[in-house]
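I've put the structures underneath this note.
Each of the next two complexes has chain A plus one other chain: chain B in the first, chain C in the second.
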Partner chain A sequence: MGITFAIIAALTLVSAIAAMSLRNLVHCALSLAVTFAGIAAMYLQLDAQFVGFAQILVYIGAVAILIVFAILLTRSSETPQPVISRSWIMGIVIALAVFGVLTKVILSSSIAQRELPAKPAPTVRQIGDQLMTRYVLPLEAIGLLLTAATIGAVIIAMHDKKGRGDGGQNVNSTPSRAEAHQHADETHNLIT
Partner chain B sequence: MVPLYYYLIFSALLFSVGLAGALTRRNAILVLIGIELMLNAANLNFIAFWRYSPDPEALTGMMFVIFSIAVAAAEAAVGLALIIAIYRHYRTVDLTKVDSLKG
Partner chain C sequence: MSGISYSEILKLVAPEMLVSLAALAVLAIDLLVMREAPQRYRFWTGAAFAGLGCGLAIAWLLAMNPPPHSMSAGLSLLQGTYADDVLVRLVKVALLVMTLFTLAISMESNFTDHIGEYLALILLATVGMMFLVSSENLLMVFISLELTSLSLYILTAFNKRNVESAEAALKYFLFGGMSAAFTLFGLSLVYGLAGSIQFSEIYSKLHAAKIDTLLLAAIVMTVIGFGFKIAAVPFHLWAPDAYQGAPTPSAAFIASGSKVASFFIFAKLMMQAFAGAEGNGAWRHFTPGWLPVVATVAACSMLLGNLAAIVQGNVKRLLAYSAIAHAGYALLGLLSNSQQGMSSLIYYIVTYGLTVLGAFGVVAIVEERTGDASISSFAGLGRRQPLLGLCMMVFMLSLAGIPPLAGFFGKFYLFTAAIGAGKDMGMLWLVIFAIAMSAVSLYYYLQVLKQIYVVPAVEDSRPIVVPVSSRIILSLLALVVVVLGCAPELLLGRLITAIKLASHQ
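Right, the complex of A and B next:
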């Protein structure tokens, strides 16, 4: 089992570093999809099948594709040459410090050495039971949140029709309106 | 099977990679990708603690991750809509150039 963990961890970490350091943004998004797949494999290895497949559906199926569409809509696939600036060094130092503190705390904790207990085998039926009984109120709240977020995302990404802003892009009203409808449709399709 | 701290250290590494990316990259989409990586690292911690807990039948960690994935999906949708709105206004997604409120 240790070798499986090592392979998945190495793949996930390499693709995560690639997603954060590659120059072409489309390559970053594709490496991000590989990272999400690696994390889903981690979930499957931890006997959390439902969460693993939900991860594949939501993250690889929706979030990664949404990021690819955002890259295409903003036409920003080529980023400028990254420079080794002061803020860059500060960011790396802060990340390393956070990792050092986390590792120190994890290794000094008493529960870190805990061995794996017996396989729990929670079925999807149990998860559904819990969602419909104990967690029914959070489930309703999450449904409301998703609806509000979807409507909000469509409204934010839509052109404002009155042209009240001084952005200077809404001078010609008719094409802009058609474009707004098209963008709203695209965003809606992306989210649903 | 590997002990619990392997998963915790792997998750800490993933979190640090996401944090470094979110702090150093200047493209707004890459900052959002870094935030997604950090969220995933936290979710992995939840699942690891749930699996290694003495009472896994309670399903608490798993429920938390399910709700967390739903919130992360909403966050990604709103965040990318904001990035598209910023791009339309400023014609760039470079975060160092979006500084109208800077004193």
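Right, the complex of A and C next:
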């Protein structure tokens, strides 16, 4: 447990830091995929097979590919300004402080003294059964959430063609309009 | 659990289902049938169908008196996932009424071509809020919070002809994502401590034990998430930009419906699930618990919201900062931690929602006619469009808390509840602070009224033409604000009986 956990944790952390700080967006996306893989390995190590494989299928299989596509299609793989800025130092200090407080609190709480419960080994059948009975309402709500997300992604990413009649909108497209599209694309990426 | 009856579940969630179906119907009708029709007709048809869905849901909520076994049946069906009592129904009706008014305000606007999608997202956000109000466990709270927030982010980004809208939505989204992560972390810690995600079981696990420091960390993180939703300081940074950049109907919806639902579930979570975390006489001595956390947030919100609102030149931004201040006042109801506090909180936030809907309705019209929403574009409104000016006066005075209007009684009940709560008036300092801050707030509300009635219009003082539908809606809202102020018992009496009933079950 100890060594495998250490390796997986180190891999996840290093790749997550790389995903934030590398300059080339494609490299960032690839390190993000490694982070996802690390998290999937973590789930598998905790005997949560279903969640682990869902993580691999959804995040590495679909989300990472989507991000790469989005980067390639928008063709802005180099970020102009230096990525590590001065305000980062403040952020890092705060993050470390929060991390310290949380670690201390978790270690000092009664949870840390509790012995580990027996590992449950839920099968996919059990998970499915629970989802269709006890958690059927949350499941339906997530369905609605995905509907809203899909509509939103399409709306934000869609080129808004102006009303019938004035087709020459793109000619006088100002920088601000281009910027708006960039924003919209970013939002789109974040939502997916 | 094998013999689960889905028809029973469908009956239980019928109002939510009606609204979701209305959302899909509006989307389908707009895309399939009304595609070529002129914008106005599309908006009218869509809003009519959306309104029909909301109306049916309201009728269902009012007509089907909750069967006495609904609580137990709900428990066995969904094991405490979904609450359905008189109080929840009352709040849901209020939410649906606000949705109806939002639909009505948006009918005259022309910021988007995607009308079906816009209306469908308003309805989906409403479904999220209704689920949120009904939820009784942490999972459901989180999912419905996300459903609501996600729909609202998109509604903020809807005006694609305006860069500000995209910027506002991006800020709103980033803040929202961050605070959702904190909430989820906090809720997972609560689950770790209590071993359950249901409010009642969390209470029974936690109320007896000594307060764990980890529980405090969890509570702080949960407060972060809700503080973001209700736009309380220090989680308010998104609010001014989002209110200013978003299309005005979306901003109105964010300020009204979403606030009501979030406040309700915030209060319910704190008062029910964490009822042990401030008990044991802990907060009499101001020792750790959720009360000091919320009290700090409330004091900061009142201070910063009111002071920052003074210097605003844009009415939408001013309303955003005033919303922050109002979140601070409303938290007093939560701080009194009693049934009286709960009823005054709901009364306050519902009347606030209706008032702010009206204010945004007026802003929407002025913005459309004059091009921007700065305070100076309201100059001479009292002469150019007397009805609009009168409505705005009612809304502004109600927000400021002037006696015959709903805002005054809301504040009055909140402050009485907070003073009466706990031993030897522990909340008195905060109430005095709130009253002082209300006096400050009068300044900037009167600033707007001064523009409307005293300052003459700049050059073209043509009367502003307002469509009949908008006139009717705004007058209706102003009337509601006046009536609820003159006869607060209409709403408050129902709330008090509903809360009594709910607590007995």
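The criterion applied here is as follows: the second predicted complex is superposed on the first by the 155 of 192 C-alpha atoms of A that agree within 3 Å, B and C clash if a C-alpha of one lies under 4 Å from a C-alpha of the other, contacts with A are read in each partner's own complex, and residues count from 1 in each chain.
In this section, a residue touches a chain if its C-beta (ideal position, glycine included) is under 8 Å from a C-beta of that chain, and two chains touch if they have at least 3 such contacts.
Here the structure is a predicted model, which means the values were calculated and not measured.
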Worksheet item: Looking at the overlay, does A:Leu145 come into contact with chain B only (first), chain C only (second), both, or neither?
Response: both
Discussion item. Quick check for you: in the superposed arrangement, does A:Leu72 touch first (chain B), second (chain C), both or neither?
Written reply: neither
Practice prompt. Based on the superposed arrangement, let me know which partner A:Ser110 touches: chain B (first), chain C (second), both, or neither?
Written response: second
Worksheet item: Given the touch rule stated above, what does A:Val124 touch, chain B (first), chain C (second), both, or neither?
Response: neither
Discussion item. I'd like to know which partner A:Ile7 touches here: chain B for first, chain C for second, both or neither.
Written reply: neither
Worksheet item: When the two structures are overlaid on chain A, which partner does A:Tyr43 contact: first (chain B), second (chain C), both, or neither?
Response: first
Discussion item. Going by the contact rule set out at the top, does A:Leu102 touch chain B (first), chain C (second), both, or neither?
Written reply: both
Worksheet entry | Comparing the two partners chain B and chain C, which touches a greater set of residues in chain A | B
Discussion item. Once chain A of both complexes is superposed, is A:Leu137 in touch with chain B (first), chain C (second), both, or neither?
Written reply: second
Practice prompt. Name the residues of chain A shared by its contacts with chain B and its contacts with chain C.
Written response: 102, 106, 109, 111, 135, 138, 142, 145, 149, 152, 154, 156, 183, 187, 190-191
Worksheet entry | Interfacial residue positions of chain C with respect to chain A in the complex | 1-2, 4, 6, 9, 13, 20, 27, 39, 78-79, 81-82, 112-114, 117, 120-121, 124-125, 127-128, 131, 139-140, 143-144, 146-147, 150-151, 153-154, 157-158, 160-163, 166-167, 169-170, 173-174, 177, 192-193, 209, 212-217
Worksheet entry | Residue ranges of chain A in contact with chain C within the complex | 101-102, 105-106, 108-111, 132-138, 141-142, 144-145, 147-149, 151-152, 154-156, 158, 160-161, 163, 176-177, 179-180, 183-184, 186-187, 190-191
Discussion item. Under the stated contact criterion, what part of chain B meets chain A in this complex?
Written reply: 1-10, 12-21, 23-27, 29-30, 32-34, 36-37, 40, 43-44, 47-48, 50-54, 56-57, 59, 62-63, 65-67, 69-78, 80-85, 87-89, 92-94
Worksheet item: What residues of chain A sit close enough to touch chain B in their complex?
Response: 1-2, 5, 9, 12-13, 16-17, 19-21, 25, 28-29, 32, 35-36, 39, 42-43, 46-48, 50-51, 54-55, 58-59, 62-63, 66-67, 69-71, 73-74, 76, 79-80, 82, 87-88, 90-92, 94-96, 98-99, 102-103, 106-107, 109, 111-117, 120, 122, 126-127, 130-131, 135, 138, 142, 145-146, 149-150, 152-154, 156-157, 159, 165, 167, 169, 183, 187, 190-191
